[in-house]
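Chain naming follows the written order as A, B, C, D, E, F and G, and within any one chain the residues start at number 1.
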Amino acid sequence: MTLTDYLYYVILPILAFSVLLIVYRFIKGPSIADKIIALDVLITTGIGIIGVYSIIHGRSTFLDTAMILALIAFLSTVAFSYYLEKRNRKK
Amino acid sequence: MSTLILRTASNYLLPVLLVFSIFILLRGHYLPGGGFVGGLIAAIAFVLHAFANGLDNTKGLLRFHPGFLMPVGLALAFFSGMAPVLVDQSFMTGLWFPQPFPVIGNVGSALFFDIGVYLVVIGVTLTIIFTISESA
Amino acid sequence: MSSVIIVILVTLGTLFVLLSAIGLVRMPDTYMRISVNTKAATLGVGLILVGTAVFFNDLSTTSRALVIILFVFLTAPVSAHLIGRASYFMGVRLWKGSIMDDLRGKYQKNSYILKSEIDDTPEDNIDHSKMKDK
Amino acid sequence: MEILLAIIIGILYAAGIYMMLRRSLVKLIIGIILLGNGANLLIFLLGRITEGAPPIIPEESKVFLEAYADPVPQALILTAIVISFGLQSFAIILVKRAHKVVKTDDLDEMNATDEDS
Amino acid sequence: MLAAILLGFLFAIFLVFTGKFFRGKLAILSALIPAGLFAYFASFIPQISSGEIISKTYQWVPAFGVDLSFKLDGLSLLFSLMITGIGFLVFAYTASYLRGHKYLDRFYGYLSLFMAAMLGLVLSDNLISLFVFWELTSISSFFLIGFNNTNPASRKSALTALGITGFGGFSLLAGALLLGSISGTYSISEMLSMKEAIAGSEYYILAVVFIFVAAFTKSAQFPFHFWLPGAMKAPTPVSTYLHSATMVKAGIYLLMRFTPVFGDQEFWNTTLIIVGGITMVYSAIHALFRTDLKGVLAYSTISALGILVFLIGLGTKAAFLAAAVFIIVHALYKATLFLVTGIIDHQTGIRDVTKLGGLRKIMMPVAIAGILAAISSAGIPPSVGFLGKELTYEASMHAETFTIIIVIAIVLTKILLLWAGFVAGIKPFVGKLPEAHKDVNPPGFLMWAPAIILAVLGILFGIFPMLIESALVKPVVSSLGADASDYHLALWHGFNTVLLLSAITIAVGIFLYFFLKPSAKLESRIGKLEFISPKSITEKGTHYFSVFSAFWTNVFQNGYLRNYVTTIVLFLVVLVGYVMFGNPTVLIDYRQLSEVTAYELAVVIILIAGVFYTVFTKSRLAAVAAMGVVGLAICLIFVFYSAPDLAMTQFSIDTLTVILFVLVLYRLPKYLTLSDYKMRVRDGILSAALGTVVCLLALQVLAEPTNTELGDFYAKNAYILAHGKNVVNVILVDFRGIDTFMEISVLAIAAIGVFGLLKLRLKSTDRSQ
Amino acid sequence: MKSRFVSNLLLTFVWVALTGDFGFQNYVFGFVVNFFILWVITRGNSDARYFTIIPKLIAFFFFFLWELFKANLQVAYEVITPNFRMKPGIVKVPLSVKSNLGITFLANMISLTPGTLSLDVSNDKKVLYVHSMYITDREEFIKGIKNGFEKRILEILR
Amino acid sequence: MTQQLILYPLLLQLLLAILLMFFWKKINTQRIISMLGSLVHLAVSIGVFAYIWNNGTQTVQAGSWEAPFGITFIADTFAITMVLLTSIAGLAVSIFSSGSVIGDRLRFGYFPIFHFLLLGLTGAFLTGDIFNLYVWFEIIIISSFVLITIGGEKAQLEGAVKYFTLNFLASMIFLTAIAVLYGLTGSLNMADLANKVAAVENRALVEITAILFLIGFGIKSAVFPLYFWLPASYHTPPSAVSAIFGGLLTKVGVYALIRVFTLIFVGDAFLDQILLVLAIFTLFSGALGALVQNNIRKVFSYLIICHIGYMIIGLGMFTEVAIAGAIFYLVHDILVKTNLFMISGLIYRIKGSNSMRALGGFYANYPKLSLLMFIPLFSLVGIPPLSGFWPKISLITASFETGSYWSLAAIIFASFITLVVIAKLWAEVFWKDAQEIPVKPKFRYYHKIKNIKRIQIVVPIVFLSMVTLYVGFGAEHIQTLATRISSELMNNQQYIDAVLNTQISE
């Protein structure tokens, strides 16, 4: 089994399975915070998937996307928290 | 949001993100990136700063209305497109310096165009988000 | 040789990611879910990216991988903090097995000013025990 | 995979229109965004998809040495995404203002301009 | 000749700028224009009576085959003289009738506009330019009928008249264009030479119908007649000029003009006889039931027009002769009666014939004019009316079929018209003068002189028919394609059946005049039948039509955005579905498609889950977060399929959208469950149908061969010519840079829009400015 | 002025790392780029010293990585075994570090290590509220933090 | 420099838009720049028009990339005529805006956006690339969104929500069509597409693509049953905005329909049949709608819909005569509709209302203005020899020649209803006694505003009325133009050759 096959047939499926688990939590909630943290973890996992994928295809270019994901995902979490604070304050 | 942790973190992230945005802008012709994404990242840096420190502080940083970047960027794009017309070539024909520059590589009208895109995107994003924040 | 290192790094990383996913599903309250994920996923992704850096073994990729790791490690705890505190004043309860809550009565309602000591205006402060269940 | 993508695109179109058919302003915006995503993916799919071969010329070369994905649909989608973003941001604010001025989130109550004849 | 026609237009335009000088004493100067024109046209009489035809062509719009070609033959000469002659009298009369009126200048403007249009109409040899003038008469008539425009009834009548004549106008246009298509020319003269070709064309009936509708509406034939009584709201000079002497005869003119083209065909003749016959009898009877003088005159005018149509329908030489004479007769006496009625109205303010009497004591010249006109109208010798009636009877008796019915109808009509003429021309002047009218002022010279002139001419032409015979009547008949050179107009043709009929007519008519007085009672009796009249049917139809219009409009434009979206999507689904499933050749080729891997499947699953969650969640924030999941999934798809730039952009933009949403959301209310279950199911089905159609469409396109020529060119030249290695970026900033330029412009515009939406608050005083 | 220069230099290193081009020209270019950025955000660095800390931070990072890995195993065990043996709660930890950077640093380190999560810092910067999954004893827990991370951070910052 | 000639109208508008953004708050400067710029634009357009008229179709390859690889701009007679009309209407509305749009709106980017809108229109007319056309359409719609909402009044916003949604939907359908087209042919250049689409074997897919374009453009051109956004919104913004919308916005949809269906999807009987049916219903629905409205701007809105039917019916009959009729009508309609909305603005300035019930007495009180307004109103009706009359000759003739009696009936019906509607409007607004309308305090009534503003409001109306009169009385010229355009369109090979055989000069 080559490295590529290993990543392709073992690692990526595990990561894919993780993604499904995370989405399960996303849908189940119950609080909005759970959804936000699930989304955050999902994006983090996505970075991992992209990392593995770039090894499989031998293209480091994909890491650029991962870089953007890492940077920007943070902002949406900030925005959601901002929303939650504003919303509660309004009440 | 009045959280010290976020405020501190964002103050450090701002310059890093801005460096990153220029990096993304300049490499766009060779690798993924370019004026658009670069501009977005720069804008996001300021937005993050605004979330953490309040809008007024961020505006204080900028010193001019971000909307001003829009005409500036558009004008830059326009002149980079018009330059070839002045030498009797078609609009938006690429003009290139004969020798590649260090680091940036080949420099031509397309690069200035991309910088125009970069500026417009920053201007647009910040105008939109700042305006909403102010009237929220 | 490098291939072995890559396999180890990536495998470990993937397992940590899986771990965090399982944790996310299994942990009984929001705070613990945040807690588990902030590290497991972060560490997992960090390991995978190190593996990537090793694989490509060139400077530009390595630096990019490092930048990603840096960003992730820099932002993950801040995110966790933001969501955690938001959960608290949104009224997300601690797990029933929790043994203490020093935050009770410290957040001022509406302004979210956080005090270090309980003051004499308890009615203005957030207290989960006084909230009704949904 | 193409079949799955086609199904996804169908779902995005359907979901987008379904949301646009609701009476809530917010749902309208969500519908618009979903529909936009559907259209972008459609361009992507119909431009034919290629795995793991970004249209970026290798560092040491002047031309492509191996297969590469068609860059045209990507460029088109980039333009379309950005334009959609402009429209969506405007729409979000429009909805906010409309809600504030007309004082309803119910689109069914926004019919004065059609009636007043 | 062009100058002659344009003179009226130029004067109208001239009046726009100098109008205020023509409101006062100078108004009478306007009459110089028709007078001059009359003289001009009269100067052609010798040439025309000698059989000459004068024509003149000016180029206008050759691209359409439309030119300004004019033809002066007997028919057009007669009409030209009527238009300018009566025009002259009416212009003069108006100066007195509307003396000091605030808008007298406008009135003259419209009148001269009308006169010019009417001249153009009768002189045009090009069918399209004829139509142009035809429409101009309708428009100037609209302005004249609505001259007292602050009066709602006036406005309504103007609208009705324009509606009906406008409708006829479009019919004329269609007819003209159809004839043009058939014959390849719009020149009426050239059409004359293609009589057989046109009659043999499969479009003959259609073309004739178009022309009929035009003529019948303009000349107030049953069932389109009712606009004419309504048009009596106009000032009397208008009624005189347009609605008795000239414009209403445009339809007659048209029929006569086309007699040589369409005539001698059963459809043509029969229709005209029937329509003319019904019109003449129907409206003559109606005249009996009027108390308003102008009402009586209006219905008798319609009746007279019916007679003319009927005569044209008879299509014999005698009938043409009768028609030619009757046009002159009618113009003279009916114009007189209108002028007289106008004078009465002007001086006493009353038009109700039951309240009038003895006015001879105050306005003797008017009485003379009225009585002379009544005599002519009654066809009592030695008036020219007698000539007309004799000829009419003569023609009727030689009708080919249903002779008896035709004769009875025409005699009945004539009897009733005699009554009408007497009521209008004699009754107001005889008997006792009511107390109230003792102090009525006599009319000015300018008012009664035109009436006298016309009335006297009516008698004069009767006594000396040779004055009109070769100058006017015979050229008209020869324009209609018949030869009447052997015929001589004379009062006395010896004892014959026609004379007998004449005697009966006069006797019965006079008897009727003494026994049947116009009364309000009678009028209300006919009013009860009003609901089946064409007028009320049309009005009802119009009403239901506007109800239907409102219904139709509101069905589609119902104010509900979701209905609009539904309609559009449904339209798309049905149309595309029809083509897609109607073509069995469209197949999906599965072989070319790639396999699915685990991680792809996972991404697809989360994407679908995200979409469904977005759609069905009850929390808005959750929906926004779920869109984040969707965005991430799409981003990963872009990564998997070689589009890192896209992935980056997609993700950044999704994040920004989330931020925007979040900044706005907490200002918006929570979701409400607004639509019921049924509606959701319905929308669900429609959406699913769209989704299916798009999905199948995508798969079918994928089965087609690909062409990567474009991408290959870019890939080959990206570095070598455009100095970049990221081909996508090179496309964006170079190959297709303008797209990108405009894309950032879109962003800038959106930002300006957002800025304005949020920052611009109009002061309450600036609202709706 | 001096700190500005130092910041500029440090960002130049970040730039060079990002581009992966260690040529002299790239240093110069990175310096110019960052000079520009710092000019744009003149007000952004009230903590002028922060860049001097980065090298120490990197050292700390590797130490921390090990801590992180060790503690992760504990959570892993918790997550994959059927029963919960947790004793969670929110603990108030008094702070010795005073600077914003120090507090943020500490809070983040706590969050990154398993079982603990920094929820918030009081507005008077006196205490940090930490959620922990395993609280055997409140004082013990506080002591652990103060002697562990906080002590090291204080060292780094001085 | 001459080879870039056809881009000058486009570049000038772009320059104006950008320049105006620099003078953000200086509204007087903006007014002057806009008016002078529009004047120059008209001069340039006339120049380019004359050049094309004398030298035939011209193309420019943006970026010097040969077709079909770069973006092609092409000015055939049709395109340059539309550009010229845009510049005429643009100049009129620019002046009108200077006089009638209140300062607050001008301070929030009215003029830059206005010129962006004109830029979008110009671009859409000149482009020879289908995706680029999409981009120009987006410039147009985003500008129109901003203009329709500027000021943010209640009615504006309500209308804008619908306007936005349905136009967005149209854009998405357009984009879907482009996706399919690219998937089928791998090309974006319209001339190249004409060749490649003809070579596609699966005609059903081509037909579906054409239907998608039909619906996408159909929404934009307000064809039945896709027009809903128009009556819901066109009466809500300031009348200067309605004027440019009413004149040009739907017409660009028509332009695109004509372009696509004469160049790319040619000779499909089923599609022509659909076009005809849609056109007939459009004529019908628009006419009925206009009949029941009370607000004059709504009347004009429905008449826009109604009269779009004339152009589509011309396209549907697809003969040289019919298309010439459609083109002539297009020319007439742009001028008249722009003018009518400006007139509704003038009426509003005078009386503070646009409701027919509330208005009255114009003829008595403003005879000269009434006479002026008469010109476009009755040109619209097509009272011969005013401009609206001539194209009907072609359309009716074509319906006889193609045996399309339903078309004939619809054309006559719509003409008749238009006549009735305008006559009714005339009777209500101009003839009826002046009605008592409560005086709005601080409303800037026509008699209260400065002379210069009054001139700025009236002059463009006079200007467009004069042009309309020229179209009517100089019908020969317009018909010659329409025939030339029509024959160029019917012979799409000349377009294709102009694009694909262009020599690239270094």
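Please note the rule applied: a contact is a pair of C-beta atoms (placed from the backbone, for glycine too) under 8 Å apart; a residue touches a chain by one contact, two chains touch by 3 or more.
Everything numeric here is computed off the predicted structure, so don't read it as measured data.
**Student:** According to the touch definition, list the chains common to the neighbour sets of chain C and chain G.
**Tutor:** Touching chain C as well as chain G, we find B.
**Student:** Steps needed, at minimum, to get from chain A to chain F via touching chains?
**Tutor:** 2
**Student:** On a CA-centroid basis, which chain has its centre farthest from chain D's?
**Tutor:** Farthest from chain D by mean C-alpha position: E.
**Student:** If you tally contacting C-beta pairs, which comes out ahead, D-G or A-B? Let me know.
**Tutor:** D-G
**Student:** Would you identify the chain whose Cα-based centre sits farthest away from the centre of chain G?
**Tutor:** F
**Student:** In terms of CA centres, which chain lies closest to the overall middle?
**Tutor:** Chain G is the most central one.
**Student:** Starting from the mean Cα coordinates of chain B and chain C, work out the distance between those two points in Å.
**Tutor:** About 32 Å, centre to centre.
**Student:** Rounded to a whole Å, what is the gap between the Cα centroids of chain A and chain C?
**Tutor:** Distance between chain centres: 13 Å.
**Student:** So, what's the distance in Å between the C-alpha centres of chain E and chain B?
**Tutor:** Measuring from centre to centre gives 62 Å for this pair.
**Student:** Calculate how many whole Å lie between the centre of chain A and the centre of chain G, each centre taken as the average of the chain's C-alpha atoms.
**Tutor:** That pair's centroid distance is 48 Å.
**Student:** Which residues does chain C have that touch at least 2 chains other than itself?
**Tutor:** Expected reply: 22, 34, 42, 58, 60-61, 64, 67, 74-76, 78, 80-82, 84-85, 112-113.
**Student:** Give me the residue numbers in chain A that touch at least two other chains, ranges are fine.
**Tutor:** Touching at least two other chains: 15, 17, 19, 32, 36, 53, 61-62, 64-65, 67-68, 71-75, 78-82, 85-86.
**Student:** Give the residues of chain B touching no fewer than two other chains, as numbers and ranges.
**Tutor:** Counting only residues that touch two or more other chains, chain B contributes 1-3, 5-6, 9, 12, 20, 30-33, 36-37, 41, 44, 47, 67, 70-71, 74, 78, 91-92, 94, 124, 128, 132, 136.
**Student:** Would you please name all pairs of chains that touch?
**Tutor:** Chain-chain contacts present: A-B, A-C, A-D, A-E, B-C, B-D, B-E, B-F, B-G, C-F, D-E, D-G, E-G.
**Student:** Within their complex, state which residues of chain A touch chain B.
**Tutor:** 61, 64-65, 67-68, 71-72, 74-75, 78-79, 81-82, 85-86
**Student:** Residue numbers of chain C touching chain A in their complex, please.
**Tutor:** Spelled out, the residues of chain C in touch with chain A are 3, 6-7, 10-11, 13-15, 17-18, 20-22, 24-25, 30, 33-34, 37, 41-42, 44-45, 48-49, 51-52, 55-56, 58, 60-61, 64-65, 67-68, 71-72, 75-76, 78-80, 82-87, 89-90, 92, 110-112.
**Student:** For the complex, give me every residue of chain E touching chain A.
**Tutor:** By the definition above, chain E touches chain A via 597-599, 601-603, 605-606, 609-610, 613, 619, 621-622, 625-626, 628-629, 632, 635-636, 639-640, 644, 647-648, 651-652, 655, 658-659, 662-663, 665-666.
**Student:** Sort out for me which residues of chain C touch chain F in the complex.
**Tutor:** Result: residues 16, 19, 22-23, 26-29, 31-32, 34-36, 38-40, 42-43, 58-64, 66-67, 73-74, 76-78, 80-81, 84-85, 88, 94-95, 97-103, 106, 113-116 of chain C touch chain F.
**Student:** Which of the residues in chain F come into contact with chain C in the complex?
**Tutor:** 17-22, 61, 68-69, 71-72, 75-76, 78-80, 84, 86-92, 107-124, 126-127, 129, 131, 133, 135, 138
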